[in-house]
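Naming follows writing order (A, B, C and D), and every chain is counted from residue 1.
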Amino acid sequence: MRNLLTGIAVLVFMAGTSPGGTITRMDEPTTLVFLTWKPNQSKGWNHLLREFDEKHPHIRIKTQVAPHSSTQYHAIVTQRLKNRDASLDLFLMDVVWPPEFGNAGWALDLTSRFPVREQRKFLSGPITANIWQGRIYGIPCYLGAGLFYYRKDLLNKYGFEVPRTWNEMLTAGKAVLQGEDDPGLYIYSGQFKQYEGLVCDMLEFIWSNGGAVIDRKSDQVVLDKQASIGAVAFVRDKIIGKAAPRGAVNYEEPESLGLFIQGKAVFHRNWPYAWALSNDPERSKIAGRVGVAVLPAFQGHHSASTLGGWQFGINRYSRHPEEAWKFIEFMSSRQSQKILALESGLAPTRASVYEDPEIQKMMPYLNAFFPAFKKARPRPLSPVYPMVSQELQRFFSRAIAEKDSDLREMAKTTSVNIERLLQLVSKIQR
Amino acid sequence: MTRKDNIFFLILLAPALFILLLFIAVPIGQSLFLSFHRLILSLPQLGSPFLGLENYKDLLHDPVARHSLWITLIFVCAATFFELLIGVLLALLMHHHFPGRGMLRACVLIPWAVPTVVSAQMWRFLLNDAYGMVNYVIFGAHTTEYIPWLALPSTALLSLIVADVWKTSSFAALLILAGLQVIPEELYLASRVDGAGVWQRFWRITWPLIRPALMVALLFRTIDAFRVFDLAFVMTQGGPADATNVLQFYGYKKMFVEGWMGYGSAISVCIFVMVLILAVFYVRMVGHRLLEASG
Amino acid sequence: MASLELKKISKCFGNERILSRVDLQVKEGEFCVLLGPSGCGKSTLLQIVAGLIRQDEGSVLLNGRPVDRATPRERDIAMVFQGYALYPHMTVAQNLGFGLRMRGMARDGIKKQVTEIATRLGIETLLKRKPRELSGGQRQRVAMGRALVRSPMLFLLDEPLSNLDAQLRINVRLELKRLHQQMKGTILYVTHDQVEAMTLGDKVVVMKRGEVRQIGRPSIIYDRPADTFVATFIGSPAMNLFRGELTQKEGRLTFHTADFLLNSGDVPSELAGAPVEVGIRPEDITIARDAGNAGDLLMARVDIISNVGAEKFLHTMVGNTGITVRSEKGASFQTGDTIPLIIDPASLHIFHKGRRV
Amino acid sequence: MMKGFLQESLFLSGVLLAAGFSLAPFLWFILCALKTPAEVTAIPLQLLPSFSLESFRLAIERYGILHYLGNSIIVAGITTFVSISLGTFAGYALARLPRRPAKIILMAVLACAMFPHIAIAGPIWDFLRFMGWLNAYQGLILPYVALTLPLTIWILTLFFREMPEELEAAALVDGCTRIGSLQHVILPLSAPGLFTAAILSFIYAWNEFFLALLIMTDPAKQTMPVGIALFQGEYTIPWGEIAAASFITTAPLVLLVLLFQRRIVTGLSAGAIKG
């Protein structure tokens, strides 16, 4: 029993002597805490961190790691930011967060340090995504956009061009399926689980039919207009359970890519990362037989890609904003973006990096991605986007999971709900 | 029992109660406080006005919450029922003397030793519509028959229940086994001499004696099942069409995804109150023996 | 060894009064038996003496010093429990040595004393066994040994024989008596068995509903019961007790029941006309050889005969009143016989309002 | 004779079913660790792996699972120890206190187990930050102790109540203090209860994810479930490595339980409590 008591005593003691706040002296290097996730390929990141260390001996970067899952990272980072936790200096933001982080007063306003002149050097999509009410809150680190992957070999075999419209995709797909005689083969594979990815995929359908959730000019919710509903109906009636397996209703990126790289789908919608994986002979049965293009559109409309990717941000309550700025300035420099591209396979957000001869040589496929990147559209920009997204996910999932759902009615309800959310925001703007 | 003893017992209780107070009771209070306010993290300009019971009123009229409640109740009933049933069976098997009993005990423990984050991923993998083992076991090579378990609203909830039963049956089994272990062997011998059959032995001796353990298992399983969250998080994200949007996952999304702290807290408080009512009911109905047992 | 004194001990559980103002003195080396039906509070009293329960009022004195604030450990008392309370996870040797170990005795010393006591009780071959491998009698011995090994101030025994079968009980009883005679320990012994009480006790305390009814040597308790409860509780078969009235007749007090009259001998005359109870033990009734001198005889009809071997008890009826009578084992009465009974007024116990007169 | 055979085979099939139910899904999943990435998600599914140990190597070297494992052992180990110690004291007190206050305290303790963890995670985090215990072992251990205590207290109270009172009285008379009787008599006899409570607390702390995610962001202190969650990249799930990590983290636990259980079961069968 005595051991037991000593055990507790030791524990209490341990607790008492834990390091609280640390005092920095002038001659000591400043430590910046950077909450990051574990990158898919860490080589480029490590390279840059090392280089920054060498160049700035007075700044030490201490990395903390969260999962790459957007929701999990969001939970951790907001927990710290909402409590004004000054022990965090730098963080990453998913592309949909800057309005939220900016309005909540969590992310440092970078407008003075990152003027429009600098912003112009970046692609327009990611810059727009970082702006809320005329102030910019993040620097784009890398970007993603919905891309259209297809089986080069099969299209060639049956004499089809890369489809420009969704109907062309169905026609070509049907022909391939007929010819191949593989009951496991599907025309299309995408992400339709009730999660953020569903919003991305569905928005691409809606946008490429001239629809939208919120009209860009009038700021009205137009989800219940025919252009939007028509696109949703198309997915429900022509894609789910037909062109794509019924199981796609629970597919995230890994499952949908799995189908494609096992050679069981002719067409596939995914982010840029899928390129490397589907061409990796260790993982993919279709390595070298994959083509990539912009997503199809509906007849008479333009292709649309949803913007993805991550941004650097600075904690507004950081005690070392100057040093933190130095870090993200370094990380988003042209040279750094090139290293991240070459060594970690991440798509640059600076337009000029794409023209770099070394990039051109080592990553020629970026040329195929570039049109989609250039036009990639951010999801609705709003501090309440997470709530809007939940409404959209609910609507889309119900729309596609239930065969004869009343789309118009559901779209109406969802629109009303979203409008109510947006009113909350307009209340504070007044 | 002397008075000195009673004071001594209170001293023994103190550290445990102190920790519970600090890490649970106080946070519960803070949650309760939040639930009476409107606090939206991304809109600090709205402040956090006191709303009274408005969050709860909204919750009553929230069709999503009502649907979630319904789903949660189905989940709780089905999951706890099967967990306890399988738990009792497993415990009886494990209590039997036979060679390899230790191995069986270890096997039964495995599901519980696998972290939920992994087991949920595992079931997402096993239930895949194209390469999942579950489909293979049921349909073999007839790939066209394969069921997209997690993609259909009806089977998605079933899948969650199966995953939960698989993982936590051993919890009940372990508790009940511990209850079985204190039953003196003599009781069984005596009843055998008295000519009781297997069935009678179970109902007359085993059942009354494992009831307290079963009660604890029932209580804690119900409490946990009501708060299920990680299975939905990993396997379905509440979908498809909200079919697995259990109440706690809904609350999680409100708080940590949408930043709607007041409303999310109200959901948590409601879960708490429902579990509390259920627990009191259980204790009244089945558990009085446990609590009244002389000390 | 120590003397024990209890002063006005009272105890309630909730609203129920378990003990009320119990006084008792046990001299050093005395074997004191608490006797009473179950629920009379005797076990509670024992636990209060042990310090397991705290009394509400009153005081416990060991060797004249109050120990009310002392824990069981500090009181240095040994106790044998009804269920023996052997530690199931320890061997016999460990069970025996546990108390010594707790008092910080060295390993060698423990071993020596355990072996000694085990030899004395004849359980030296069982030292390595666990309690569940022992028979009832063996367990009882271990329990006794555990108390004896420590040579404490006081032994408390809580119905230590009640879990043994009849034959064994008699043997152990004798052994206990012998042990006490050898060791001269102060013993407080709880039982509901009057035979145990009578055979073992130097002093018997009869209790009922939390009150002490009588304290005294066994012979006193038997021969001069203080009240009707003690009178009927002690003795087997129980004392005959008749309800009736004393009337003065011809300058003598006579006891009347509905069925008969008895000469009541020397009784204070102020009781004349008062309702009383009169008791007589079966062995104090003589069966007359013939029915002569009918005035002093009671004519009783034999109803049931119980033969206990060494003697016979006749359950007879006089009118509607039952009287139990002892007869020699050779007597040859038949059910339905009418026999004349002689009752000696000197052996009558007369009670007024329950108390002995 | 026939009946005996029938019973035997019924029992045997029960055992096999139980083992299969518990083991088969996990084994199939663990097979992934021996497959190449392409084999893992092969359509139609591939039964036999190519027995590549690459996943194990990656899980250990690249993802550093052993490091997380070490943290989990520290956190879960100390949590169990503290939870069982405090739970023992509290359970013992509750088993011996008068019924009515004990019942009230037990219900209050149970209520503590009922509140959704999600909702108290935030306030707990605040408090830990106030104490400076974020990214410190005690910052995870203390909340875990609080979360496991209700179950521990309930199990142990239950066991201590089943203990015959005479045994404890005997120990007290034999010269034990209350604590001494707890240590020498009651605890050894409650081994199954202690063991069960210990396994349940240990595994709870071993598996807990959400709090660990919020509280431990310093890679040096992160526990195994968070470590495994970190395996996932953006849009990728390395099934093989996750399976390998699951095996590496589950196997020692099961082995440990197997060993402990033997000792406890044999220790116990040598002395039943009642009789």
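Simple rule for what comes next: contacts are C-beta pairs under 8 Å (C-beta built on N, C-alpha and C of every residue); 3 or more make two chains touch, one makes a residue touch a chain.
Remember, predicted model here, so these are calculated numbers, not experimental data.
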Chain whose average C-alpha position is farthest from chain A's own: C
Between A-D and C-D, the pair with more C-beta contacts: A-D
Euclidean distance of C-alpha centroids - chain B vs chain C, Å: 57
Inter-centroid spacing, chain D versus chain A (mean Cα positions, whole Å): 37
Rounded Å distance between chain A and chain C, as computed from the means of their C-alpha atoms: 90
In chain C, residues with contacts to at least two other chains: 51, 71
Residues of chain A engaged with two or more neighbouring chains: 8, 75, 79, 184, 258-259, 262, 264
Residues within chain D bordering two or more other chains: 41-44, 86, 122, 142, 180, 229, 237, 272-273, 275
Chain B-touching residues of chain D, taken from the complex the two chains share: 11, 14-15, 18-19, 21-23, 25-26, 28-29, 32, 41-45, 86-87, 89-90, 92-99, 102-103, 105-107, 109-120, 122-124, 127, 142-143, 145-147, 149-151, 153-155, 158-159, 161-162, 178, 192-193, 195-196, 199-200, 203, 206-207, 209-210, 224-225, 228-229, 237, 239, 242, 245-246, 249-250, 253-255, 257-258, 261-262, 265, 268, 272-275
Complex contacts: residues of chain B adjacent to chain D: 1, 5-6, 8-10, 12-13, 15-17, 19-20, 22-28, 30-31, 86, 89-90, 93, 96, 98, 100, 102-118, 121-123, 125-126, 128, 130-133, 136, 141, 143, 166, 170-171, 174-175, 177-178, 181-182, 184-186, 212-213, 216, 219-220, 223, 227, 229-230, 248, 251-252, 255-256, 261, 264-265, 268-269, 271-272, 275-276, 279-280, 283, 290-295
Residues of chain D touching chain C in the complex: 164, 166-167, 169-177, 180, 184-185, 188-189, 267, 270-273, 275
Chain A-facing residues of chain D, complex: 36-38, 41-44, 78, 81-82, 85-86, 122, 125-126, 129, 131-138, 141-142, 179-180, 182-183, 213-214, 217-219, 222, 226, 229-237
Complex contacts: residues of chain A adjacent to chain D: 1, 4, 7-8, 11, 14-15, 18-21, 35, 37-40, 63-69, 72, 75-76, 79, 83, 85, 87, 184, 252-254, 257-259, 261-262, 264, 270-271, 273-274, 277, 282-285
